[in-house]
Structure formats: C-alpha cells, structure tokens
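You will see subunit A twice below: alongside subunit B first, and alongside subunit C after that.
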Partner chain A sequence: MTAPLLDVDRLSTHYQTPTGPVKAVEDNSLTLEEGEVLGVVGESGSGKSTLLRSVMGLVEDPGEIVEGSVEYRGRELTTMSDAELRKLRGNDISFIFQEPTAHLNPAYTVGDQITDVLEAHTDLDSDERWERVYDLLGRLGIPSPRERAEAYPHEFSGGMAQRVCIAMALACDPDLLLADEPTSALDVTIQAQIIDLLSDLQEDLGLSILWVTHDMGVVAETCDTMAVMYAGNVVEYGPVESVFAEPSHPYTEALLRTVPSHLDTAPRFDTIEGSPPDLQNLPDGCVFRERCPDEMEACSARRPPYYELGEERLSKCFLHEGCSTRPSSPSAPDPTALDDVTADGGQPTEWEGER
Partner chain B sequence: MTLLEVQGLKKHFPLEEGLLSGLLGDDRAVKAVDGVDFSVDAGEALTLVGESGCGKTTSVLSALRHQDPTDGLVRFKGQDIATYNKKALRSEAQLIYQDQQDTLNPTMSVGEAIAEAIRVHDIVPDDEVDARVDELLDRVGIAPSDKHQRPSAFSGGQKQRIAIARALAVEPSLLVADEPVSGLDVSVQAQILNRLMDLQEEFGLGLIYVTHNLGIARKISDTIGVMYLGQIVEYGDVDDIFEDPQHPYTQALLSANPIPDPTADRERIVLQGDMPDPIDVDEHGCAFAPRCPEATEECETAEMGLEPFEDDEGHLVDCIHR
Partner chain C sequence: MSQESTDVAVTGSARRSRVIGGVTNGWRMIRANPLSTVGFCIVLGLIFVAIFAPVLAPYSPSAQDLGDTLAPPSADHPFGTDNTGRDIFSRIVFGTRYAIAIAVVVVTLETVVGVSLGLVAGYYRGRVDETVMRGLDVLVSIPPLLLAMVIVTTFGINIWNAMLAIGIVYVPMMSRTVRSSALSIREETYVRAAEGLGYDSKRVMLKHMLPNAVPPIVVLGTTDVAYALIDVATLSFLGLGIQPPKPSWGAMANAAREYILVTPWPIVFPTLAIAIAVLGFNLLGMGLRETLLYGEDRDEVVE
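Let's turn to the complex of A and B:
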C-alpha cells in the first residue's frame, strides 16, 4: 500500500500567551488517503481550525507547532522553508474558508484574482489564463462566466462567492483541498448546492479534501473518514459509517446524541452536562473526563493514548485498555509494536499492515 | 386563549427615502414581510422557520410594534395592538435575542439587571425582589451566589440563561426567542433549550421561536410557519409538516438539511439559484415559482394564499398544485 497523502503524527500546536500556553491542538494523529474526504468535526474551540492551519504552516502568531510532524506525500511540512511551502500551496494544496467574501479582494474583479493565481503558479499565457477562468467559473455553475468574470466580489451572493473561491482554489489542479467550514455561513438550500458541487468535483478530479466542520450532518453526507475533536484532542478517528454506527469514544457518542435532527421526534434534546474545559487549564488525565459518564480512576492519572480498534479506528479512551496503542511514529515504527497488534485477540489492523 | 393574532401583516422598507426619489416617483420597496397570518395561544409554541432574508424576524418585530408595520391587523389578548398600553405590552411580551452581548448592560451586575426589570414593572414588593432574583437564577441553572458578577464573567451559554431569567422576571405571557442559541455549541444549546421548554410549559407561556435550524424547530414547536420571501408558504402542526411537507419549498428545505446518519436514504431536492431580493416582488403569482421544480405557467399569475390541505384546517399550504 502506498503512503497516505497526508500523515499528521502527534501534532501539538500551542498559542503562547502571557498567562501560559493555550493548548489548541495537543498530540493529534490522523491520516488522509489519496482521493478521500476526511472530516474534522468538533465544537467551537476544539482546535479543528488550528489543526487545519497547522497542516499548511498558516498558524498565526502567537501560535506555533511545538511538537509532531505533518507529512504530505512523504515530505515533511513543518520544517519546510516558506518559499517551498508557498510553491506547494496553490499548486498542490489549496484552501476554501467559511466567509468567501473575506477571502476575495473587493477591489479586483474575480477574473483578475483567478488569473493572478494562474500567473503565479502556471506557465499559461494571458489568453490561456482567461480561457481557464471562464472554464472554471462555468464548471462551478456560475451563469454567463464571461460576464461574471468581470464582476467584483460584492456583486455575488454568498453561495456564488463561495463558488468563485472554489474556482480559485481549483485553478491549479491541486490534489488536496483544505476546507474550513465552507458551507457554515450559507443557508441550508445553498449549502446543499455547494455540498453537491464539491462532491461532484471531488469525484471528477480525484481530489482529497480535509473538511473542517461543526456539523455532524455535513460529515455524514460528505466524508469517508472522520476525526472527532474535543479540547484540542482528536479523541476518535475512523471511517464515517463505522464511527456513526458504533462510536467508541464517550464524547463522540454524546455528540452524536445531542445533534438536533429534524427527523428526531423525542420530546426533549439529549444533553452533555457541563461545558468544555479551559484550554489553558486542562484537567489532569483525559480532557473529557469531567463530563464523561464512563469516568474511571485511570482517567485522571494520565492522558489516554491512541488505542487501535481495528478497521483503521483510533480512540483516546481508557475504555479500550487492552487494545494495542498506536506507535509514536508511523514512518519509523518500533518493531516490537507490531507484536502487540494482536494483544486484543484480533487480527492485525489494516493500519498496522501498512508498515 | 389566543394571545397574539396576526392578519395580513406587511412590512415594506422603502428603497429610497427623500425628496429626489419622491419627485422621481421611485416608490420601490423591500417587501420584507408581505402579508402573513399567524397566531399563538397561551402555552403554545410557534416557530417561524426559513432562510436568511425570508422575513421571519421582521414579522415578529413588526407584529409586536418594535417596528411600525406597513399594513395588517394584530391583536394581543383580543385587543388591537395599536391601542394596547405600550408599557404593559413591553412586559407581557418579552424578547430574547441571539447575541446577549448587546442586550445585557455590561456595567451592571446580572442580579441588578434582573432586579431592575422586576422593579420597573412592579412585579413584587421591594423587600421581596432579592429573593425573586435568586429564585429566577436558580430556575435557569445559574448559581444565585454569582449574581454580583457582571455579564463579562459568564460564558455565552450562561448569558443566554441569564437573559431567559430576566425575560421571565416580569412574568410575561408571551416569550419571543430569536435564534437564541445559534451562536452556541450543540452541547450547550441542548441544555438551554430543554430548560426553555420546561419553563414555557410550566408557566403556560406562548412562545414564538425564530430559527433557521430545522432540528431545533422540530422539537421546540407545536406549530410551525415556513417562510419564503416575506410570506408563510406552509403553516400547521410541526409533525404533520415535517413528516408530510406539501409546499415544494418546504420539501426542498427539509430535503436539503443534512442528516447526521451516513446510511440515511437521501433524496435531495437541490434548488437552482438564490432567493431573489425581496424588491418589487410581483404582486401576482407565486413568489417561489422561479425556483420551483413544479412550476407551471399558471403559477405566474395565480391568486395565492394559504389554503387547507385536503380540508385539514390544521395544515395550510400556499400552492395552487396542492
């Protein structure tokens, strides 16, 4: 099996403040395979956007990656020079964000902005660049692309502006799209249009997407695998269908129960008591234990490691004590770790098989 | 008992105000609310649901005279709201907004803010005010010992609980909540909404809930009005409408809402285009027709209005094909 497209290993990103570090991302591991859509889901402040920004070295001061690695096709990104990163962004990896108009320059037409990207990253001549713009806008369902290319960002509705941003992100045929809540600011019928569009493009272009969202519904509809974040930790990771069918971390289980669905007829909302912890003052041991219905003695003693549950699933919870734990670096496995794989009596996992 | 009854409510915002446009005869207007009917009984929860710009908030604000309506008849407790005592109306119909940052005075402790509301409306004798404040905070799940803190000391969810306590302090008969939890995370939303539903039932309050969130609408409401472009296109019992939506817009809206279940059967109706600007909406015909998958020529000219679906007075639809 080939290496994953993106391999995040034990990544920690902290924001340094006068009153101590805010541990926005703490010891997180996940992988994204070629052509897959990985959803990173969590509540606000869970660290999902910081994780996405860490992947591409876009963490803003006073934030910094304090530990761990991010490999893109085997190339380490955390130590890469700015010039190399810039080349990678745009050509290989691109972004879309929640507020499309905040990421478009209001003073230039959308056509000018997309041709700028093409000029910086491709060898196309001017005519070819404009042809590419018309082609992209048309492909993204923007009516009369030749006229609309001459329009300014404010002349587009929210949904249409997001289409422009997607067109710009796809201008140089990237392999990986990092999407930070790309539909959250849109109304539900417009969100449906953008979800359909991204899903079609993903299939047509063989694109891989890292999709950050707070919406379990969006994850269920769009993603192949998912990572659930809580207080800076990816507490659960695995294929979407299997995680929804059988959540293994108590937070995932609770979060799935509390999502209000229009199909749910119960008279009251399911709740998780309490609120997420202060990232500057995290509890000892497991970050979720104070709200967890399954809290045990072990939970306050130390942070739970990643337990491997098979089917490429990981869970940071002592309920799975007895399962093997994920070795610290997948690219340089500890040979003895492989022997531990069957500790739970199961077959070696797919995950292990890769090494 | 019917608390609030709204008939033919309109709220138009003139596009250009001033001498020049007056001379030029530019009388175009944004028709934010263009003829809506709804009513709320004591103990009933009505939700107005729709996408941004559909007029759900403006409907409520102009019905309760927070904005002057352009047209329409509104009765509060059977009396024309235009003649209702304004101070009494302000205490009997309480509003809770999305962002409590803007509504809680940052320089006043939360206990003082609630006490002030109680005193202004003479709810209990002065020597009982403190005890009343403690009781209210306790009811919404805030420790009464925290009442000396200012709003900045509380999280978003706690502020919203405090806002609910303050709204209940003046013993209203009608509560209006405009997206009160949409800025909060789901785990916090659920706690507040359960509390709100408990209190609403216990005090027999009428509740008008305004939201774009269909999952919340399903649980919180008895009755629902689905709005599109300043009009209610479908109105009735929430379970009837969610299980068997009739208006093509309601059908599309429900089908577009992501289902948190990867194995769910999805038959999504994806609407083309955006909701048009509510300017100069054609007086005739159906406002949804330009995006409607079922539109026919007739729709462009037909007389529209909510009609009972299959003679069911509890399920009204504004579509000539039903």
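Let's turn to the complex of A and C:
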C-alpha cells in the first residue's frame, strides 16, 4: 500500500492566550487517499478551520501546532522550511475559502490575479498564462471569460467570485484542494451550483479534497469519507455511507438527528441539549460527556482513544470498549488517565503500554 | 499626478488599454474635486513653463545689462531687472525648471525609501517594525531644516546634497503613513490568501499590499512636493541650495534682500513664484486627499 496523499497524525493546534491555551485542535488523526474527498463536519468553533489551516502551516497568531505531524506524500509539512512550503502552497496544495470576495485583491482584475499564481509557480510566458486564464474561467462556467478576466473583484457576484477563487486554486493543477466552507457564504441555489462544479472538477481532474463544512447534505452528496469534529476532537471517522447508516459515536448520532429532512413531519427540529465546552477549559475525560445520553462511569476518567471498528472506521467513544485501539492515536496525555488504566479494567492502549 | 496613477495600472500588465484607462481614471479623480482641478491646472502651467522656458523667456537668464540695473517692471522687462541688470522674468521662468526638478527628485527619493521602510515594517511587524520606526523617530527628533542644513554643510554645499538632505528629512512621514496602511492591509483576507497561494514576501508586499496603499502615498507625495519647494527655496535663500549664477527662486530673493529699500520688485516676483507653485501642489494634494481617501462624494468630507 502506498502512503496516503495526506496523513494527519495526532495533530494538536493550540491558540496561546494570556489565560491559557485554547485547544482548538486536539490529538486528531486523519488520512486522505489520492482522488478521494474527505468531509470534516462539526459545529461552529469545533476546530474544523483550524485543522485545515494547520495542515498547511497557515494557523494565525497566536496559534501554533504543539504536537503531531502532517505528511503530504510522505513529506513532513510541520517541520518544512517556509521556502519549501511556498513551493507547495498554491501549486500542489491549494485553498478555497468561505468568503470569495474578501479573498480577491481589490486592486487587480481577476485575470491579473490568476496569472499571478501562474507567474509565481510556473515558467509559462505571458501569452500562455493568459490563455490558461481564459481556459480556466471558461471551464468554471464564467460566461465570456475574455471580457470577465478584465473585470475587478467587486464586479463579481459571490458565486462568480467563488468560481474565480476556484480557478485560482486550480491554476497550477494541484493534487490536493483544501476547501474551508466554500459554499457557506453563498445562497442556496448558488451553493448547489458550486458543489456540483467542484464534484465535476474533482472527478475530471482526479483531485483530492479536504472539505470542511457544517452541512451534512454537502457531505452526503460529495464526500467519500467523513470526519466528525466536536470540541477540537475528531470523534468519528469513516466512509460516508457507513457513518450515515450506522453512526458509532453518540455525537454523530445526535448530529444526524438534527438534520431536517423533507420527509420529517415533526414540527420542530431536533437539537442537542446543552452547549459545546469551553476550548480553554475542556472537561476531564470525553469532551462530549456532559451532553452525551450514553454517559458511563468510564467517560469522566480519561479521554477515549480511537477504537477501530473495521472498514476504516474510527470512533472516540467508550461504547466500543473492547475493540482494538489505534496505536498512533492514543487518548490525550492526561496524567490521571494513566492511573485509571488498570482501575477501569479497560484494555491498556499500546501507547500507554509503552509508557 | 495622472502620471502616478498610470504607473500603478501598468505594473499589473503592460497593456496599452490599461495605460489609457489609467490616464482617464486619473483625470476623472482630479476632476472630481474643484481644489484638485485648480491645483492640477497650476501644476500643468508650471510644467509647461519649465519645458518651454527658452521659448517663453525674452532674455538669457544670465545676460547682464549693467546700464539698466534694478529697473522697475516695464514693457522691456515685465518683472524688472536685478542688481546686475538681469531680466527677472527670464530668471523666474528658468528657475521653474530647477524648482520643479528638485522637488520631484526629493519626493521620488522620499517615496522610494519611505515606502520600502514602511512596507517592510508593516509586513514583518514585531521587532523589525520596532527597529525601523524607532530609528525614524530619532530622525524626527531633530528639527528638519536644521538636519538638512547639517547634512548639506557636512557633505558639501551643492544641489545634490541639498536634495538628499531634504529627501531624508521627509522619509519618516512617508514611512509612518505607509506603515499604518500596511499594518491594516496585512490583516486583510486577500493578503492571507496570497500567502496561502505560496507567494514569497516580496510578491506579497509589492504586488498585493502596495497597490492597496497607493492613495495615501499619492496624497502625501503631492503635498510634499509643495513642502520640498519651500525647503529648497529656503536652503537656496540661505546659500546652501542651488548656487548662483543658476537662477533659483530662493537665491534670487536672498540677493534682492539687500536692495529691498531701493526697489521691492526683485524680491516680490520670486517669492510670488514660490507661493504660486506651492499653492498649486498643495491644492492638488488637498483635492486628491478628499477624493482618494474620503471617496468622491464630497458631502462625506464635510463633518
């Protein structure tokens, strides 16, 4: 088996504040295979965007990756020099973001901005670059690309601007696209268009996409695998169909219940009781414990490890006690957890065994 | 001014339509405000006089007529003559060349150095920013004209040193202005996006931050031309700027000082020329400030 395109291992990203670290991403592991789409879902503030930014070392101050590794095609990104990272960014790994108009420079025409990416990363001459721009814009469904390339960002609607951003991201034929809620700022009909467009492009170009969203519908429609995030933790990971059919973490289950369906006749949306914990002051044990309907005694003792449920499925929940744990993804290094390993009678994880 | 705005448009891509677009754009911005329109006309007039000085001046600026010294304005000599019988009108016309050229060189120097320092400080922030800005604070703590005089007297009295001295004196103001814009532009989403696209710091600074900081630079640059005119005239008046017999407005005023009780004309006309030139650039700068920094809707400016 070849190395996956992107392998995130035990990654923790904290924002250092005067009152202590905000643990936006804590001990998360993900893999993304070549040509696949991985959806990361979770509520606002669950650390989805920070996870995505951590992958390319673009976490904003005062955030920093405190632990873990990110490997792209077997190359470690967290320790890579800025110059090497710059060669990858925009070239092999590209981004699209939530607010397309804010991501375009108001001082240049969109054509100029796309040629700028090509100028930075390729040897094409000016004419070839412009040909590529017209080609890209046409491919992304922008009518009369030659004229529109001369227009400034403020002359574009949100949906059109997002198409331009996608064109910029795809200009250098990247292998991996990191999409941070690319459709959230758009209205529903445009969302559908952009999602279809990205899906088509993904198939045509064999792109891999790490797609951060809070929309379960998007995940169901576009993704191959999904990761559910809660309070900085990926609590469940697995193929989309099997996660939807058989959620193995109480949070995923609760989250899926909240998705309104047109078949629903119930007059109210289901909600999850309570609110997410403060990332600066996470509870002991499982992060979802306080809102979990299935809370057990074991839950407050330590962070659950990743239990392997077969078919590439992982769940951070003690309900699966007894399943094998993933060695590279132990529970958070919490001193109390070590004391409790034998006390709660659970299988010590291999990582804890090493200690 | 229109020159500067076209330059900005050209950097993106050297396409002719852009240049034409830039010129019409610049003209539209100048027209948007009566102050800048008047200022621009005066500046155009000065440039015209500077270019066509040999055609406009009836005499050579250094031709003496010792039989007709300190003459009042007449048909032969519209502004009169000075103590060696040189035609004041011709000398003022030729003096325009020096005044404009020097002021433009000073502002160019100020802009290149000031913008670079400001961008670097605003981009890197932290320690780099502190170092650059505190260094400039030291420069600001010395009275500007005094500093210019010290530089000129230390490195030799000639026009190049005078320009260099005044240029250095103006750098802190430009750097501070650019730095403050750069600091806020640095936080803009598109600058972060530019980093996400893998651009190096040079490309981010010059292509993605600088163009968005142009309006305050243009405004300050234009106003500083006016200040540079005054300072060059002052240095020349003190004998540290343009050296006689070159026709300089400041030096002419200085030479005429001795005869002020005999005849006022040799001092009135050069100072008037200085005043008009300063007024022109100031009006242009003020008008552009209203247009570029507060939008073309003038009502917003009036508080």
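Going forward, the second predicted complex is superposed on the first by the 326 of 355 C-alpha atoms of A that agree within 3 Å, B and C clash if a C-alpha of one lies under 4 Å from a C-alpha of the other, contacts with A are read in each partner's own complex, and residues count from 1 in each chain.
Rule of thumb we're sticking to: contacts are C-beta pairs under 8 Å (C-beta built on N, C-alpha and C of every residue); 3 or more make two chains touch, one makes a residue touch a chain.
Please read these numbers as outputs of a predicted model, since none were measured by experiment.
Annotation: superposed three-chain arrangement on subunit A; subunit B versus subunit C shows no clash, the two fitting side by side.
Within the superposed three-chain model, A:214 lies in touch with subunit B and out of touch with subunit C [touch as defined at top]. Touch criterion not met for A:19: it reaches neither subunit B nor subunit C. Residue contacts after overlaying the shared chain place A:271 against subunit B, while subunit C stays out of touching range. In the superposition on chain A, A:189 makes contact with subunit B only, while subunit C stays out of contact range. Residue contacts after overlaying the shared chain place A:81 against neither subunit B nor subunit C. The larger set of touched subunit A residues comes from B, when the choice is between subunit B and subunit C.
Closest CA pair between subunit B and subunit C after superposition: 13 Å apart. Counting contacts by the rule stated earlier, no residue of subunit A appears in both its interface with subunit B and its interface with subunit C.
Residues 43-44, 157, 159-160, 187-193, 195-196, 214-221, 240-241, 244-245, 254-256, 258-273, 275-276 of subunit A touch subunit B in their complex.
Interface residues of subunit A, counted against subunit C in their complex, comprise 56, 58, 60, 83, 85-91, 94-95, 97, 99, 102-109, 112, 115-117, 120-121, 126, 168. Those residues of subunit B whose C-beta lies close enough to touch subunit A in the complex are 51-52, 155, 157, 185-191, 193-194, 197, 212-219, 239, 242, 252-264, 266, 268, 270-271, 274-275. Those residues of subunit C that touch subunit A in the shared complex are 12-13, 188-190, 192-200, 203, 207-208, 211-212, 214.
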